[in-house]
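Quick heads-up: structures coming right below.
In what follows, subunit A forms one complex with subunit B and a second complex with subunit C.
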Partner chain A sequence: MLTPFLLLLLLSGPALWLLRPHRWGHAGWLAALSPALVTGWLLTQLGAVGNGQVLTEQRVWSDAFGLALDLRLDGLGLFFGLIVAGIGTAIAVYAGYYFEKNSRLGYFYALLFTFMTSMLGLVWADNLLALFVFWEGTSITSYLLISFKLTDKNALEGARRAFVVTGMGALAMLGGFVLLGQMAGTYSISGLLALPAATLTQHALFTPMLVLVLLGAFTKSAQFPFHFWLPGAMAAPTPASAYLHSATMVKAGVYLLARLHPAFAESPLWFWALFVVGGLTMLVGAVIALRHYDLKAILAYATVSQLGVLVMLLAFNTKVAVTAAVVGILAHALYKGPLFMVAGIVDHATGTRDIRKLAGLARSLPLVGAAAILAGVSMAGIIPTFGFVAKELLLENFFALIEAGQSQLGWIGLVAVVLTGALFVAYSLILLWEAFLRRSSPLKQATVHHAPSTLFVLPVLALTIVGALIPFFFSAIEGALFGSAGSAILGATLEPHLALWHGWTPIFLTSLLAIALGALVFTQREGIRKLFAKAPEFKGQTVFDSAVDALYGVARWSTRTVQGSSFPTQISIPLLAAAGFAAFALRHNFIADLRVDWSAVPTFYEVVLPLLAVVAALAIARAQSRLSAIISLGLVGSVVMLIYVFFSAPDLALTQFLVEVLTLVLLVFVFYRIPNHAYPKPPKHRSLKYLLISLVVGAWGFSMALLAAGEPLAQSISEYFSLNATAAHGGNIVNVILVDFRGFDTLGEISVMVVAALGGYALLRASRLRPVKPDKKYKEPPHA
Partner chain B sequence: MPELYLALLDRILTPVLLLLAVIFLLAGHNAPGGGFIAGLVVASAFLMQILARGDAFVRRLIGPYLQPLMGAGLLIAAASSLAGIGRYGQFFEGVWWQLQLGGRAWEFGSPALFDIGVFLVVSTFVTSYLLELSRPAKEGGRK
Partner chain C sequence: MIALVFAGLVAVLMASATYLILQRHAVRMVLGLGLFTHAVNLLLFGTSVSHRGLPPIIADKAAFNGDISQFVDPLPQALILTAIVISFGIVAFLIALLHRRNSLEAIGESCTDRRNDPFAKQAPATLEREEEDYEWLEDVVLLKQLDKPKGRR
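Let's look at the complex of A and B:
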């Protein structure tokens, strides 16, 4: 059932586009049908898959290359699938109202559903290469969604940054996958997870492979120092931000780490890389979030921080860490997605996302306010919310570490987590207080001029309510949902026991401490914001931009050197290179290889025709005008044609003749437009240079022809062709080769022709559309 | 104003060239010719027309069909490669059909179809360049 669902989602995007959904008022509900169907089906699988069953599916694509689409639905795939499809359902409804009558709603849906397909494929793929393809699918749709507003320069730059960073990471990851495939002897994920862990971790290539794979995961999940692309991606329409850049796509890296966790988690490199990078990302994201005033920017940096938490948790190979990661993933998706959606509604209703201009929205938009408060309290991690449970587990992980004897590491982690937790509390409070609860804003207050309909808020409320209810039904779902997903990450059975209330434990007291600290930061927020504004910010973006600029510089320099100069230079480079390579290859035994039959007496035309060609070539060089030059050039071509005739190659002769005539006329058409004074004689030294180049190239062509005539280096294929031509129902070997034996080549060639025709068409059109200052010296051609 | 002698020549030459192209296209598999050459011959027939009657006339005549025909040619060529899959399970394997008509066997095969595709692409490719480049340089454009 997995492939049909992927196909359904893939097709529903374009189908919706064709239906022009912006014309009807409530298209979002129709759009939500297919993801809702997938969600419903996944929920029915919760019983079986949650108990440890695994659904597999194989679609063979190319037997010869061993390529097949392998899909596998286990606990982890189901867990992520539910997040992707479930939140996708809410987003589909939400987007219908967000875009209202915008005619690009259909295009948005096409992108959204393509993304959804890629994301589900990513979490269901059981093959490293298939996973990579889906991974790139999410990158491309993300690029298109960020640059959705084509007139916005920020959006285009943000899209480019996001794509280049995640794309480079993905390429590194592909390299890592290939190494991994070679090491394990299989590209099947379940296959390599079934290997004894030591086969991989003890392998000589383990370190480079792991570094490459981690690069892919870290760039995708916006880990420090690659985190900068995520806030830049906020130029995307809010439904895309809420879905891709907080709930699902950025978790692809986390998913990959979780998926490969059983195989790698025992390696110290894995632990330190994830622990350090995740920990740093967590702190950096949390701190930077306080500097910002844009709702979406705050939420974006908070997302960066949360992704850091998840990566850091996956460093550990313990039950409590894995439980904390799984709960954290779902809790985050269920509060951050809605918060982004709230930001979108606020933007929609007031026209701004700057919290300095917002106030009292809880009164003017009560439903939105309710959703924001429910989700915000969860983000702050205040009891009794889902976010609270996630934070308790996070703290428990470090307490367990201290108890296990690794007290240094445990204390460092604990302090970092408490600090981060306090900052989470602080900006949750800032968000709720400043935008929703306080009575007036410091800057000119924005008013609600466009109240959202209840249906617009409904998907947001639904998600927050699901998030709020889950902690009260832990006993019903903890095994099927968290247990089965966690077991897949741990590689061993995990039976979590989650609860809202554990009593007055040290963990709970620490949690209270974080809340108190957060409240303190909240009250002192003005001073702290000023302090942070002064502190230097790590600008990954600046580094990246200057690197890209440098790359462009190199490209411009090489283009200028190789292609920027005049046409003679451009054409001499490949010709001289070819001559040089030939001379290098033949430097030792050129004379020995030469076999010339001096006794043959040349016939009359064998003497006259080359002489004619030589005279014509000299005439080209000495021509005073373009027209005489191209006519002489045509003469050379005609001589070549005559040679074909005498050596009985009628097809070639015919083609040569036709091409000669047509190029001659085309050149005349072109030169007709260029004034003749633009045909200056080159200065003496340059003439000499061209003469030298021509002689070298001529000598090269001559010696090549001589060598080829003297000794057939390899056995000729022409015999095969002439023997088999009749079998191919043809008497004309040239044509049979073109359309039958080498038909695939010809197909490629005519495809190139079509592309060249379109390109040439566009170029010629463009030059005509651009107004050019009229040239007085040029007279209109008489026929025009 | 097109030249008079060209207009006269065009009356005679264009039908001859087009007929020649058809012969090249159909006989090409066994005698000199083929889709590529036939395409070039058709292009030179249009070249004749452009020289004799002006580019605007030819553009009115065939301009709108050039790009669709080019696409159709590519499509036909690509589709003909699939015939082999249907018959022999082999990509690009030539498939031939025989037809008894008028006392002799007529053969038609997927390579011939492929050749027609090549013909369409080549003829429209060259003609579209001829038309674009022969366009008089006014219309506020590059002079």
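Let's look at the complex of A and C:
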């Protein structure tokens, strides 16, 4: 059933595009049908998959090459699939209203559904390479979605940044996957995870492989120092931001880490990389979120921070950490998605997203305000929300660490988490208070001029309410949803017992401390913002942009040096480079390689004829008249022909003879019609330079010829040709090679001749444009 | 010994060909290119000359006993045969190009300078040039229609 659903989603995008949804109102509800269907089906599988069943599916593409699409639905795949399809349903409805009468709505849907297909394929794929293909599918659709507004320069640059950063990461990851496949002997993910962990972690290539795979996961999930692309991606239309850049795509990295967790979690490198990078991202994201005033920018940095939390949690190989990660993923999707959508509605209604200009939206837009407050409280992690549960589990992880004896690590983590938690509380409060609750704003206040319809707000409210209700139904879903997903991450059975209220435990008190700290920051926000405005900011974006500029600079410089001068310079660079490379390759065993076989003594003619050719060649180079040069060239050709005769190559001699005559005739005919301009002689130093270059090239030819005549470097295939010529019903081996064994080469040769003939014909015909009337003659431009 | 003779010949041909190509003179360039192809063909041919033998032609197929040591290596010959024909195609095309350039020069378009090179170090105001190029092209097309004698073609 998995492939049909992927196909359904993939096709419904273009189908919607063709139906031109912007012409009919409420198109979003129709668009939401297919993701809703997938969500519904996934919900029916909850029971079975929760009991440990795994759905597998194989679609053979090419049996001979062993290519097949392997899909596998286990607890983790189901969990992520529900997030992707469920939030996708809400986004599909929301986008219908967001774009209202915009004629590009159909295009947006086509991209959105392609993305959804890629994302579902990504979480269901059971093959590393298939996973990579789907992974790149999300990158490309994301690129197209960010650059949706084609006239917005910011959007185009943001899209490019996002694509380059995630694309480079993905390439690194592909390298890692290949290494991993070689190490494990299989590209199947389930087969890989079934191996004993030590076979991978003890392997010599483990470290480079892990670094490459982690690069992919970290860039995709916007981990420090690659976090800068995510806020830049906010130039995408809000439905795309809400979906790709908060709820689903950025979690692809987290998904990959979770998926590979059982195989790698025992390695110390895994632990430290995830712990340090995730922890730094968590802190950096939370701090930067405070400096911004744009609703979407605040939410984007909050997302960066939350992704850091998830990555950090996956560093641990304990039940608590895995439970915290799973709950955190769902909680984040269920509050960040709605908050982004709220930002879009606010933008729609007031025309601005700057929280300094907003005030009192909860009164003018009560439904939106309600959704925002519900989701915002969850983001702050205040009881009794889903976000609160997630934060409690996060704290519990570090308390457990301290109890287990790793107190140093535990305390560091605890302090970082409390600080981050306080910042979460602070910017959640700032956002809610300044945009929705306070009576007036300090700046010119934006007013609601375009109230959203209730149906527009409905998907937002629905998601928020689901998020708000989940904590009250923990006992019903904890096993099937969190338990089965967590078991897949842990590689062992996980039976979480979640509850809203554990009593007055130290964890709860720490949680209160974080909230109190956050409230303190909230009251001091003006001062802190002023402080931030003075402090310098690390701008990965600037670093990235200057790197790109430098790349362009190098391209310009190299093009200019290699190609930017006169033709002689351009042509001598590759010639000298070839000579240089040959000299480099031969420098060690020049004499050894250039073995001369003294036994093959040439006959009298075989010395005289080459001498003749040498004289003729020098005569061409020194010739003053064109006719003598042409005749000398003919002489060289004749000598070459005779050499072919002497050394038993009759076919070559014949061909050479024909070609020589033709060339001569052509040259004489054409040159006869071209007036003999007296070109100025090049200055002496330039002639000397050319002479020097020529000598170097000559020396190169000399060594190449000696090398070729010596011991064969590789085994020749000519014996095979000679022995099998009669099998091809031919006596002339050269002809058999050309026509039978290397027929495609000959076909290519014929095509070259046809192209040259056509080109020559066109050129000769075009010259009939003459004569030109004198008054219409092309005038030299004045600056010539 | 014979390899040395061949190598010397290849070296001289290559050096003179390079010298010709480097001159800023179209005719010499064509001649140089022709010379260069000879040099490269001989370079390839040199791999098979140290082992002398009969031409690689099996006269009597029925009596052929698989004794190939009597023949010279046929592979370089096959490669060179292709190379000769292709290089002739290129030289012929170049000659046609030269001819065409000459007829353009006759109507005043100068092709020898590097103003048309977009990567030249001192790039002129290329935009203006392009515009003029198009104007010129339009003129030529227009002229062609004007020149067409009525009743012919």
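Everything below uses one rule, namely that the second predicted complex is superposed on the first by the 560 of 784 C-alpha atoms of A that agree within 3 Å, B and C clash if a C-alpha of one lies under 4 Å from a C-alpha of the other, contacts with A are read in each partner's own complex, and residues count from 1 in each chain.
One rule holds for everything that comes next: a contact is a pair of C-beta atoms (placed from the backbone, for glycine too) under 8 Å apart; a residue touches a chain by one contact, two chains touch by 3 or more.
These figures come from a predicted structure and were not determined experimentally.
Contact with subunit C, but none with subunit B, is seen for A:Ser648 once the two complexes are overlaid on the shared chain. Of the two partner chains placed by the overlay, only subunit C lies in contact with A:Ser694; subunit B stays clear of it. In the superposition on chain A, A:Gly527 contacts neither subunit B nor subunit C. In the superposed model, A:Ser751 lies in contact with subunit B only, and not with subunit C. Once the two complexes are laid over each other on the shared chain, residue contacts for A:Met704 go to subunit C alone; subunit B is not touched.
Contacts of A:Ser566 after superposition on the shared chain: subunit C is touched, whereas subunit B is not.
Note on subunit A: of its two partners subunit C and subunit B, the one contacting more of its residues is C.
Shared-chain residue A:Leu764: touches subunit B and subunit C both.
Look at A:Gly743: by the touch rule set out above, it reaches subunit B but stays clear of subunit C. Of the two partner chains placed around the shared chain by superposition, subunit C is the only one that A:Leu633 touches, whereas subunit B remains out of contact.
Put simply, subunit A uses residues 650-651, 655, 659, 662, 666, 670, 673, 731-732, 734, 738, 746, 753, 756-757, 760, 764, 767, 769-772, 778, 780-781, 783-784 to touch subunit B in one complex and subunit C in the other.
Residues 1-25, 27-28, 30-31, 34-35, 38-39, 41-50, 52-59, 61, 64, 66, 68, 71-75, 77-78, 80-82, 84-86, 88-93, 95-100, 102-103, 106-110, 114-115, 117, 119-121, 124-125, 128-129, 132, 136, 139-140, 142-144, 146 of subunit C are the ones that touch subunit A when the two sit in their complex.
Of all residues in subunit A, only 559-560, 563-568, 571-572, 575, 596-602, 606-607, 610, 613-614, 617-618, 620-621, 626, 629-630, 633, 636-637, 640, 643-644, 647-652, 655-656, 659, 662-663, 666-667, 670-671, 673-675, 679, 682, 690-691, 693-695, 697-706, 708-710, 712, 716-719, 721-723, 725-726, 731-734, 737-738, 742, 745-746, 749, 752-753, 755-757, 759-760, 763-764, 766-767, 769-773, 776-781, 783-784 touch subunit C in the complex they form.
Looking at the complex, you find that subunit A touches subunit B at residues 650-651, 654-655, 658-659, 661-662, 665-666, 669-670, 673, 728-732, 734-736, 738-740, 743-744, 746-747, 750-751, 753-754, 756-757, 760-761, 764-765, 767-772, 774-775, 778, 780-781, 783-784.
Residue ranges of subunit B in contact with subunit A, taken from their complex: 1-2, 28-37, 40-41, 43-44, 47, 51, 54, 67, 70-71, 73-74, 77-78, 81, 91-92, 94, 96, 107, 109, 111-112, 114-115, 117-118, 121-122, 124-126, 128-130, 132-143.
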